[in-house]
Amino acid sequence: MTALLEVNHVSKQFGSDTKALSDVNFSVNEGEFVSIIGPSGAGKSTLLRCINRMIDATSGEIIFDNMNVMNLKKKDLKKVRTKIGMIFQHYNLVNRLSVIENTLHGNLGKKSTLAGVLGLYSQEEKEQAVNILHVLGLDEHIYKRADQLSGGQKQRVGIARALIQDPRMLLCDEPIASLDPNSAKIIMDHLRNISTKLGITVLVNLHQVDVALKYSDKIIGVNHGQVVYNGSPKDITKEDIQLIYGSEAEDLIFDVGGIHAS
Amino acid sequence: MEANEQLTSAKQLLDPQLQKKIRIKTLTKSSVVIRSTLIILALLSIYAFISFDYKQLDVGEAVLSTFANLKAMFLEPHLKHFTFTHALYQVFVTLGLAFLTTLFGAIIAVFLGLLAAENLTNKRVSSMIKGSVAFIRAVPTVLWVLIFAVAAGLGSVAAVIGMTFHSVSYLVKAYSESFEELDNGVIEALQASGANWWQIIFQAVIPSSLTYMISWTFLRFEINFAVAIAMGAAAGAGGIGFDMFMASNFYLDIREIGAITYFVLAIAILLEMVAIRFKKKLKVNG
Amino acid sequence: MQADYFEKKKRSTRLFLAILGVVTVISIIITEYNVVKGFSSLPKAVEWGLANFYPTQESLTKLPAILDKLIETLLVSIAATTTGAVMALLFAILGSNTTRVNAFFGSISRGIATIFRNIDVAAWAMILLFSFGQSSLTGYFALFFGSFGFLTRAFVETIDEVSGSSVEALQATGAGYFSIIFQSVIPSSLPQMISWILFMIETNIRSATLIGLLTGSGIGFTFNLYYKSLNYDVASLVVVVIIVAILFIESVSNYVRRAVL
């Protein structure tokens, strides 16, 4: 297996004294499902955004598909971004547009400026959008406005927008943090399917340890901007969890015990 | 791959539908209204430019001379007919007019606002007050001032009373909306403890809306400063606006207008900066 | 402790009232505001209004001429608002933190808008009077500058409020600047912007009356003509016509707002 993404010695400094990430190293293989866990404010979100340079890292290198993302010019960066889908906690849809329009937005990166401005999409693109929405179980909602959907449905539109990009990798920033348990399970099942069946690499930020352990091939634990665990979910111990979550771990330890028992 | 099969089968499943072109825009009432509003406004604007009364004006020349005037105004300002202290004093007169108007407006608006809040009175009283407030707003401020000037004579009295009308209508709307945001449970709890209407107003309603009220009142003060300048010019209410009117219509001195404009700008931008901080407060709390 | 709390609260309330009182007194003195006259003029104005300020049968003959001027004023207000809005949209996109090209242009465009906004339309009218004289264009440009300044600020706030998150999402897909503007920013902020434009038209009609007074054009001039010649019955008819026009426009824009937002 080859590494699709390599993060080497990445650091990020905000202002003069806030260090969000310090010397982060890890790699992700093609088709892997990787979860990044850690307490709020540990730098998970910053880390994810450094990968597609929504935030510029201060130092280090990020190799995606054998290219160093950190050195790319604007035009090449856009090209790389078309190959990386992103999913957000608050879905980040254009609320006043229909589901299908929001889905087609995933194609804007490949369009000429004029076609993008006028919103011109080919018949194939539209068919593809309809197909993806069908697979995600949104057939009935194609022409609904995004703000008329429930949270779980909005997140599925977010996934559709990422999938239409035909991405090599998905970055998911807390995709289920604003959802109820049922919708959360649907979303996680879809993400898992995308990884296994379509072979797309999935990198997810999560703060629910149990969910991460259940779905992932690999866990990366982050605390205070540093990677403190990097390995399989099977090998994770109570001590590791305590290391990731620090003193907050008291309650979580029981959770882990429960999962290993079942 | 399995997934690809899944996708193709999904495609076949949908094929009959896909024969026709897929629309992506849907016609909702909202999008129809948006589009027709924009079209109507565009057409009216074009018609307006055709029908303007240009009075044999050479537009190009006028635009050029305006640029020259603006240059003279802002780059070579001077005070000739007024002294610096006089202008400064007149700025304070304008601020004073704005202050009195805001104060009177606020006092009247608190009472009317309480009566206009639906959760504090009944619907009939509320809609009656809201209706009369809309009527007051429909008459331009300058006309209120001029109408009062007939009875009270031109001057600060007519200006302040005339300007108070719009302040009242603005603040009644703002106050009553912040009163209406109050949680009904609070009123219920106090009613249950046997408090009467006035006690509820002064112990629960006003304290919990006070931040909003102060912010809105300041925003109105900012508006009133601009209105007071205009009234000074158009209705002889005194203050810096009147000086500006004199410089423009009697002394025909563009540079003096420039100097006065700098005075006004300084105060207005200062007020706006404070107002923005008040507005942030409104947003954080709301 | 508790006694302290109430004592402190009482003291700050008193201080606030005292400052308010002092400022009020100073204002009354420097503006030469006559408090007694202020109170006595109210009943006097009502009395005078009931006796003189209503349209008579004769004044109705002036109605066609008044309506003519009203339409002129309405058109000036609408044209100034729409053209001002187009300019404002451009400056707002450059000035908003979400969509600006860079920080430098952002501050420049916001700065220009701030200056235009804080020079009142009445001041603009007096400045423009020098070059444009007593034509509709004086009023048009004065309202145009004022609308541009105000709408820029309103549009910047709208853009920042409604489109921040979807802009981030489209950036992540690799979409270009113009695609993001036209596919995300404009669709999500358009309804709110239309609401602001309608509000601006209402405001401009009222300001147009004032500008007409100052520059001798439109409905404001008509009012001034009859007011100064003590033809109060016709002047009151002008006021009635203005009220009807503004209430009509308000109800139209309320309808649009309900359908759009």
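Each chain gets a letter, A, B and C, in the order it is written, and its residues are counted from 1.
The working rule: a contact is a pair of C-beta atoms (placed from the backbone, for glycine too) under 8 Å apart; a residue touches a chain by one contact, two chains touch by 3 or more.
Values in this document were obtained by computation on a predicted structure and should not be read as measured data.
Visitor: Line, ring, star, complete or other: which describes how these chains touch one another?
Guide: complete
Visitor: Using the stated contact rule, I'd like to know whether A-C or A-B comes out ahead in C-beta pair count.
Guide: A-C
Visitor: Calculate how many whole Å lie between the centre of chain B and the centre of chain C, each centre taken as the average of the chain's C-alpha atoms.
Guide: Chain centres of chain B and chain C, defined by C-alpha means, are spaced 6 Å apart.
Visitor: Determine the centre-to-centre distance between chain A and chain C, using the mean Cα coordinates as centres, and give it in whole Å.
Guide: Computed from C-alpha means, the inter-chain centre distance equals 46 Å.
Visitor: State, to the nearest whole Å, the distance from the C-alpha centre of chain A to the C-alpha centre of chain B.
Guide: So the centre of chain A lies 44 Å away from the centre of chain B.
Visitor: Multi-chain contacts in chain B: which residues touch at least two other chains?
Guide: 30
Visitor: Counting only residues that touch at least 2 other chains, which ones in chain C make the list?
Guide: Within chain C, the residues that touch at least two other chains are 190-191.
Visitor: Can you tell me which residues of chain A touch two or more of the remaining chains?
Guide: 96, 101, 119
Visitor: Quick check on the complex: what are the chain C residues that touch chain B?
Guide: 20, 23-24, 26-28, 30-34, 37-38, 41-42, 44-45, 47-49, 53, 72, 75-76, 78-79, 81-83, 114-115, 117-123, 126-137, 140-141, 190-191, 194, 197, 206-207, 209-210, 213-214, 217, 220, 223, 227, 232, 239, 242-243, 246-247, 250, 256, 259-260
Visitor: Mind pulling up the chain B residues that touch chain A in the complex?
Guide: Listed in rising order, the residues are 1-3, 6-7, 10-11, 13-14, 17-18, 21-22, 24-26, 28, 30.
Visitor: Spell out the part of chain A that touches chain C in their complex, as residue ranges.
Guide: 52, 54, 77-82, 84-86, 88, 90-97, 101, 105-111, 113, 116-119, 158, 161-162, 165, 171
Visitor: Quick one: which bits of chain B touch chain C in the complex? Just the residue numbers, please.
Guide: 29-30, 33-34, 37-38, 41-42, 44-45, 47-49, 51-55, 57, 59, 62-63, 65-66, 69-70, 73, 89, 92-93, 95-97, 99-100, 103, 134-135, 137-143, 146-148, 150-152, 155-158, 160-161, 226, 229-230, 233-234, 238-239, 241, 244-245, 248-249, 252, 254, 257, 261, 264-265, 268-269, 272
Visitor: Tell me, which parts of chain A touch chain B in their complex?
Guide: 96, 98, 100-101, 104, 119, 121, 123, 126-127, 130-131, 134-135, 143, 145, 193, 197-199
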